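Next up, some structures in structure tokens.
Two complexes are shown next, each including chain A; its partner changes from chain B in the first to chain C in the second.
Moving on to the complex of A and B:
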């Protein structure tokens, strides 16, 4: 949500419409690609250290039409989203429970605090020992890594619901057991979704890191293999595929969030180009 | 018939330096159908008292009875209007007003019809499908009032209901409140720091002391409610009792000075 001061600065005149604004926002990325291309093609950067941008796009296209990319990409995206889904369910459940129950908070709180900054991918070798190489190990890495941001944001969201909202619901006959569903979770939606957005970014990082350590199929393995063999254009082509998927996923989540949170105060500040 | 009876209520709050006493031996009763206001210096514990009567927090000592029965928690017999509206921002105006009707056991169709009637009553027809954030403060407070009136509690507990509104909106909301009370004759206990508002609306005004709060003085308001606001507020009867209550509250702020 573009509510920051900088986002509301009148960078562009009002008559520049939505489509044009979106194109203009892609300008820095285009500039970086052109700079990259010029530096390599002109010889300022040696081709053996960095392939030119067009070679990466050609490699990406080659992998795409020859089918190799899609199978790996599908395995990666599937693992990432299933892992994220499990993390959302678990994280919201545990976070809400922590916010409403002192015992659960006392039990789970210290575990969250001590494991928060632990890089979850460092546990992959152990998971391989337990579950073997493949989907279970990669998925578990995603679940563990995505769980905490969702859990923490749900906990924070639910515990900061104003007491008068709970009181007025109780005054209108809402029983205690229905409070979470009818008041606490709806009131915490914005906070929960911001945790999910952070986790969505993490899930690709996690799955690819896990795949680079060991897997049978996955874009992380593809990137790793091409990197090992010095096929850097193809390695970067694989990375490009992940960047595109992650970007589309993030924008989709932002759109869903905007629809779900139409009622929320933050929508009032929404700029025309946000 | 007594509707609300409060006997010997004490309330302490834990603070960094030991316990702070908010209420000390509060005694009050409100008859069925009566409109009573509670005024007092800020921090005297009047909102705390209202929340205790509402059943949201427990008294440390003493008893609260509603129609002769001990209060053990919130109930549909008491409707509460909070100062900051406390509407559910994720529900539309229609859904907010219909919320309390579910616990009353009304069918979906009955809930919709009743909610529509009360949205009309507070003059918000056309805003049924808006969300609270799209409404002004005065409109939100109308929704809060409609939501509480819709499930028809016998008692209304109002916590500085018009405190956050601008002067003009506040006056029109007071007139609305008076009209609603005259037509429904519900039992009302209102917290306010606005003495004029208390006199304009109430049959009886109770003055609370500074912390720890207890009731120090009681004023009966005998004014004609069938006349216009202008006639009421310019009358000698109104201003005499208003001034007396104002002085009484001043004395709680600075004992001995007045």
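Moving on to the complex of A and C:
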């Protein structure tokens, strides 16, 4: 979700700006935490069902300092990001190839269209049969799940590059082999990155689902383990860690996107005026 | 000389053929690999035995029974998410303090993989339908809120002003102007969210058991019934394809006035 539509908060006077505005924006999250704490401590909600907020934060800290949180978290994040990386490389390559080559498009297109709606987690049992329980299964699930959105958005981006750009480049003597790298891929960056953002969401879902089905090491397994043993504060601490990591990763990607595409909006503006 | 209708029909047939060709190629490669004995049938059963198993399971009513359970969970969750999401999205678009409270919470939780909440939901709502339905609802409610909010906050100002100047109350404004005008965005939201509902329902079942296609799939894997694993994966694939097409049709029926969104 974009930050844009919170910018026009009518409650705030104009002199509240920058950091203060951002703090006020985050206030509802703090309010929710306080409400949670008050409801549980006052006994309106049974402690055995929902540990108070401070217990969860203490459990999170304990896991971070003494416990195994980092090892499990690292296994999860590592698998997710390596899988995502492989998917980006493969997806951009295949997507660009499909957009520029009729044969590849005819061959791969139908396969993509038919398998797009398949829940990729359903491949986990099959991969367990083939590769056993562990990193290969989890990583391959992530690669396959993240591949399709990136491939589709690359294909869409490259094939909707304005023909004028290609013509101009050709007129100015860009050789055919350099067209992809110098013209088509840069022009498709916005589309590719929107696919990567979707895939970033997928990679966490996929790796954690795979871990919950069967694995040796990983935060998904850790959360399930704590849940089964009734250590609910620790379970919630693990859930909190995942939510925070997914949020930070998403925000970081949005920031990287802005950095990479600083020229993009301005180009659109110029186009609008012309 | 063939008539025009004939040529058109030929064109469609040709496109269908071109679409199916790679799939047939894949099937042929599968058949060759298995019949040449490169892999053990335990890992990759021949297509024939998968088809056989499919018919056997279909006849036993196994597939339809599991499919019904999964679809019930997915659609019940999607329905809850749509109701809650549309209401929240509309309120966020019309009432500024609701927007102020909901926006940061949504931005914070939206990127999270909701499947991590499954142990919590099992604890609260049990192993059966309810925990799965609610997890599907939790997954789907965010995209629905965002779609509705986007639709409702981009309703043409002139429409709103015209209605207000003719003395429409806020409540009637919502039901007569804002909601109909947001309908295309909401339906797009449902179409985008439906696969997520299916995937979440299947994944929940795979993780937590309790019947449904996902649970049946994991069960088959545990007993090394590889043909059955393939059957259930294919059934999931077909389910997604059919539902996506159905929603596209439904949208064209429900919103015949919304020209620009006609697809196919």
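Operating definition for what follows: the second predicted complex is superposed on the first by the 249 of 274 C-alpha atoms of A that agree within 3 Å, B and C clash if a C-alpha of one lies under 4 Å from a C-alpha of the other, contacts with A are read in each partner's own complex, and residues count from 1 in each chain.
In this text, a contact is a pair of C-beta atoms (placed from the backbone, for glycine too) under 8 Å apart; a residue touches a chain by one contact, two chains touch by 3 or more.
Note that the structure is a prediction, hence the values are computed from the model and not measured.
Novice: Quick one: chain B or chain C, who's touching more of chain A?
Specialist: When the residues of chain A touched by each partner are counted, C comes out ahead.
Novice: Looking at the overlay, what does A:89 touch: chain B (first), chain C (second), both, or neither?
Specialist: neither
Novice: In the overlaid three-chain picture, which partner chain does A:71 touch, first (chain B) or second (chain C), both, or neither?
Specialist: neither
Novice: Would you sort A:263 into first (chain B), second (chain C), both or neither based on which partner it touches?
Specialist: First partner only.
Novice: After the superposition on A, what does A:174 contact: first (chain B), second (chain C), both or neither?
Specialist: Touch status of A:174: first partner only.
Novice: Which holds for A:250: it touches chain B only (first), chain C only (second), both, or neither?
Specialist: In the superposition, A:250 touches chain C alone.
Novice: Quick one: is A:186 in contact with chain B, with chain C, with both, or with neither? Answer first, second, both or neither.
Specialist: The answer is first: A:186 touches chain B but not chain C.
Novice: Contacts for A:125 in the overlay, against chain B (first) and chain C (second): which applies, first, second, both or neither?
Specialist: In the superposition, A:125 touches chain C alone.
Novice: Find the residues of chain A that appear in the contact set with chain B and again in the contact set with chain C.
Specialist: After superposing on chain A, no chain A residue contacts both chain B and chain C.
Novice: Please give the residue numbers of chain B that touch chain A in the complex, ascending.
Specialist: So the residues of chain B in touch with chain A come to 51, 54, 56, 73-76, 78-80, 82, 84, 86, 88-91, 99-100, 102-104, 131-133, 147, 151.
Novice: Contact residues on chain A for chain B in the complex?
Specialist: Listed in rising order, the residues of chain A that touch chain B are 162, 164-165, 167-174, 183, 186-187, 189, 262-265, 267-268.
Novice: Could you please specify the touching residues of chain A with respect to chain C in the complex?
Specialist: Residues of chain A touching chain C: 1, 3, 5-6, 9-11, 25-29, 31-32, 49, 106-111, 113-119, 121-126, 128-130, 200-201, 204-205, 208-209, 212-213, 219-220, 223-224, 226-228, 232, 235-236, 238-239, 242-243, 246-247, 249-250.
Novice: Please name which positions on chain C make contact with chain A in the complex.
Specialist: Counting only chain C, the residues touching chain A are 18-23, 25-26, 42-43, 96-97, 99-120, 122-124, 146, 149, 153, 195, 198-199, 202-203, 206-207, 214, 217-218, 220-221, 224, 226, 229-230, 232-233, 236-237, 240-241, 243-244.
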